[in-house]
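Both of the next two complexes hold chain A, though its partner changes from chain B to chain C.
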Partner chain A sequence: MKRSVSNLKRAILLWRKNAQVRLMARMAYPGNFFILTASVIAHMVLNIVFMNVIFNFVSDFSGWTYREALVIIAGYMIIDGINWALFASLTGITRNIVNGDMDFALVKPIDTQLYVSIYRADPEDWSRVVLGVAVLIYAIAGLNISGWALFMKLLLYSVLLLCGIVIFYSINLIIKSISFWTIQGWGLQAVTESILYASRFPTAIFAHKFVRIIFYTVLPIAFLATVPAEFLAKTPSPYLLSGSLAVTVVFFYVSRKFFYFALSRYASASS
Partner chain B sequence: MKNRARSGFAYRANTVTMLISESFSFGVLFYIWFSVYGGGGRIGDYTLGFMIFYYALGKIAGFLIEDYGVAYVLAEAISEGEFTNFLLKPVSIIKQEFSRYLGNFVYHLTVFSVIILAMLFYILKQFGGLKLLAFLLLSTNSALIFFFIFFLIGAMAFFFQRIQGLSFLLSLVSIFLAGKYVPLDVLPGAFYRVAGVLPFQYISFIPIMVFKGALDPAWIMRQYLTGLIWILILYVLTKIVLIKGIKKYEAIGI
Partner chain C sequence: MPVIEVKNLFKNYPYHKRQPGLKAAFRALFRREKLEAEAVKNISFRIEEGELVGFLGPNGAGKTTTLKMLAGILHPTVGEISVLGFTPWDRKKDYQRQFSLVMGQKNQLWWDLPPLESFLLNKAIYEVSNDSFEATLNELVGLLDVKDILNVPVRKLSLGQRMKCELIAALLHAPKVLFLDEPTIGLDVVAQKNIRDFIKKYNQLNKTTIILTSHYMEDIKELCRRVIIIDQGRIIYDGKLDDLIKKYAPYKELKIIFDEKIDRARLENFGEITDFDGFSATWQLERRNIKAKAAEILASDLPIDDILINEIGIDRVIRRIFKNSYNNTKIK
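On to the complex of A and B.
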């Protein structure tokens, strides 16, 4: 237990140092940093514009009202923001393989998965999280929930969103690990982005049962933003809560195993 | 041109992953619109079939035309000082970059030939040869307008030390105003009016509009000529930016 706490402290310290270096690098060109932040916000706003276009023509989107759908979008924004702000979407894996720097990562006295995960942190992406929280507050204001009910729902929402973050991290790790075979794997980023993109919409839009089963099991995007939103805005089956926790544990375990399996296939670039 | 095409074949795994991600995104779009229309909704005067066709054609044409590397390669060359190599060659930078752009076009044309042929066959059967010809005519403008807009975005690196943010922002604006997110005519009035006076709509929205409604040769001719005027304006702007940028350009130690 003591060792785990010490490892966690070390990981947080390392991430903080990396984030500081990254922030200093970004602030070396302050104009670029602020425009980058503006563009990240614009990217998120376009998601809301898209949803607005849909709700300009319909009032019910697969059983979701506008405010309820905004809860899903807010969840997506927070997951996307954390994914970039903490892990730079795991681009560290591809980058280290292409540059031949994975050798250096391997000799560091730290867990390799942890090292490549927190290798880079993009400070401008905290704006996605801030905007996500703002959208969430706006959405909740129109949901007619208050008092203890709101507190309990928010608590559940936070736990499930945390599960969503871990699930997406795990999916991303599995996909990025494919870089050990393909080497030049920038195309894999588009795959993870398209998966996260799909999580912006209620899982109920996938009309075919077969597709929905896939999105709850093999590729569990339902647990990223839809399930947390359901617990906040609707009254879903309690099984979804245990389902979300189980999927989180299974995916994290499998992704870690797969990463180390892929790493064992790594052919060093320099020796 | 050959080099770009060869490089694409060398890293074909990226093409496969791109195809997977694009197909996945398209599948999601299909379900979104299926859900909207299935619930009794209707987006503007778009039928469900035409809405799906709009995105499918936009994606396929995008494979060929939209090479975002145009901005990235040029900006990197300027920022890292490799632009000097462009200057030393006895060919204009615009021609060099356009050849690379064509190489990308040829590579994607080859790789996605089966999908492109299937789409051409569908268009011929569904809309007829005349509309297809009009679409191809307007698409040549699309390619040139896209190339010059993104060349200009890349050339911003002459004036700003880091253009990563600006490039991302302008790319987003271009994609949105080109009608890639949603058809421009279903956007609120103000957005549509702004998009209507800018060149971005010629990248994707205008060519696809050929298939909406009856064939209108006068509209097609007007759009084609307006597109040509935009190409001329963008070309002149590119020349001016290049002249001013090269004067400002510094590469130390080369």
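On to the complex of A and C.
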């Protein structure tokens, strides 16, 4: 127990140091820093504009009102922001395999999964999280929930959104680990982005039963932003809470095992 | 007990062979010929604490592959390795805290930031205490004379300065074993000398066990009393550098410079001439015969201006080992 606490403390210290170093590296080029931040904000705003366009034509989106749909969008923005702000390093796995830089991750006395996950972070992407929270606040304002009920719903929402972050991280890690076989895996980033993009919409829009089963099990997109939003804006089945927790644990465990299995295939690169 | 022990090590790499052209590229999407390269074939050696050993070999010989297996980056196909009592590819944290790897062709430092920031990051990764970090940093900065560049972004540093900082980053946690893969590659002669002097001094002061791979003979000559020569995945020599010369170059060169132009035919009696330009001639003779031969030539009526007896350079010795041409040389 003591060792786990010590490892966790070291991991937080290392992440903080990495984040500082990365932020300093970004700010070493002020022009680029501001351009990146602006482009991230613009990208996020487009999602809200897109939702507005849909609701210009319909009054509900598969049973979701405008404000309720914004809760899903907010969840997507927060997950996307956290993914880039904390785990942007996962996009570098393919490059590190191709040029042999994964060697350095393997010789350091730190958990390799942790190291390849947090070594690089994109600090400007915290603006996505801030924007996501702003959209969430705006969405909640239109939901007519207050007092103790709002507090409990927000608590559940936060727990489930955290589960969504971990689930997406796990899916991302599994997909990026495929690079250890393919070596060149640039298309894998498009796959993970597509999965996250699909989570912007309520899962109910996917009418086919088979697709919805997939999105609640094998590819649990529903648990990313939709299920947390359901607990905030609607009255869902309580089984979804335990389901989310179970999927989180299973996917994190599987992703870790798969990553280390894939890592055993690593053959470095010629010097 | 040796610090490094390698027994019957093999490493094979699978690779795919493909014919050139678009049609072949399309066919390769569905079917490729799979082959296996034997990078390391049955090598064994032991290294004691404090030794500074040179790994020598042509490109593709298996030096870096062996180093990577010692560092735990690669798993061997067959064989055993023990470094400080650990099996490297288990990647135990206790082992990783005790060794360091520096690759001359790769950069570990944060490119956009001063080296000091990378040092602080390594301090956190290796859990180096504040006191130890300060003391070690001061020592290394002093030895390498880099105080003025610690706060300059790495991308602004010269190659030599960068390599010095790479070494500091690698040594901050005072490793017991250091793997250096071509640390002086691409450096100018002054920078190479600085790095060599540092490695030598560091090894003497701290008794760190060091394995160094290099293509530069000066690195090997200056630093290593023992060399392991690897060619096509096999060890073809493991021993003292001095003994290598005696074993593979059991001869010296005798060069005579003449006062006037000489007919080559007059010199043929003294043995096989390896070089002749009319005013000088060179013979390659066994060490035990060279004095007698020199005396014989001096006693002749040849118009001799100067006489030189040279060792065969270690560079030529190594080149000949790799070309495998010693057996064809006639010795007199």
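Keep this in mind: the second predicted complex is superposed on the first by the 267 of 271 C-alpha atoms of A that agree within 3 Å, B and C clash if a C-alpha of one lies under 4 Å from a C-alpha of the other, contacts with A are read in each partner's own complex, and residues count from 1 in each chain.
As a working rule, contacts are C-beta pairs under 8 Å (C-beta built on N, C-alpha and C of every residue); 3 or more make two chains touch, one makes a residue touch a chain.
Everything numeric in this text was worked out from a predicted model, so none of it was measured.
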Superposed partners chain B and chain C on chain A - clash or fit: fit
In the superposition, chain B vs chain C on chain A residues touched: B
Which superposed partner A:21 touches (first chain B, second chain C, both, neither): second
Touched partner set for A:13, first chain B, second chain C, both or neither: second
Which of chain B and chain C A:206 touches, first, second, both or neither: first
Partner chain(s) touched by A:58 [first = chain B, second = chain C, both, neither]: first
First, second, both or neither for A:31, with chain B first and chain C second: first
Chain B versus chain C as contact partner of A:268, first or second or both or neither: second
First, second, both or neither for A:106, with chain B first and chain C second: second
Nearest Cα pair across chain B and chain C, whole Å: 7
Overlap of the chain B and chain C footprints on chain A, listed as residue numbers: 29
For the chain A and chain B complex, residues of the former touching the latter: 29, 31-40, 42-43, 46, 49-50, 53-54, 56-58, 60-62, 124, 182, 184-188, 190-191, 193-195, 197-198, 201, 204-207, 211
In the complex with chain A, residue positions of chain C that touch it: 13, 64, 68, 71-75, 91, 93-94, 96-97, 99-101, 103, 105-106, 108, 110-113, 117, 120-121, 124-127, 153, 181-182
Residue ranges of chain A in contact with chain C within the complex: 10, 13-14, 17-18, 21, 24-25, 28-29, 100-101, 103-104, 106-110, 112, 264, 266-268, 270-271
Complex contact set, residues of chain B against chain A: 11, 13-18, 20-22, 24-25, 28, 31-32, 34-36, 38-44, 160-166, 168-169, 172-173, 176, 181-182, 186-188
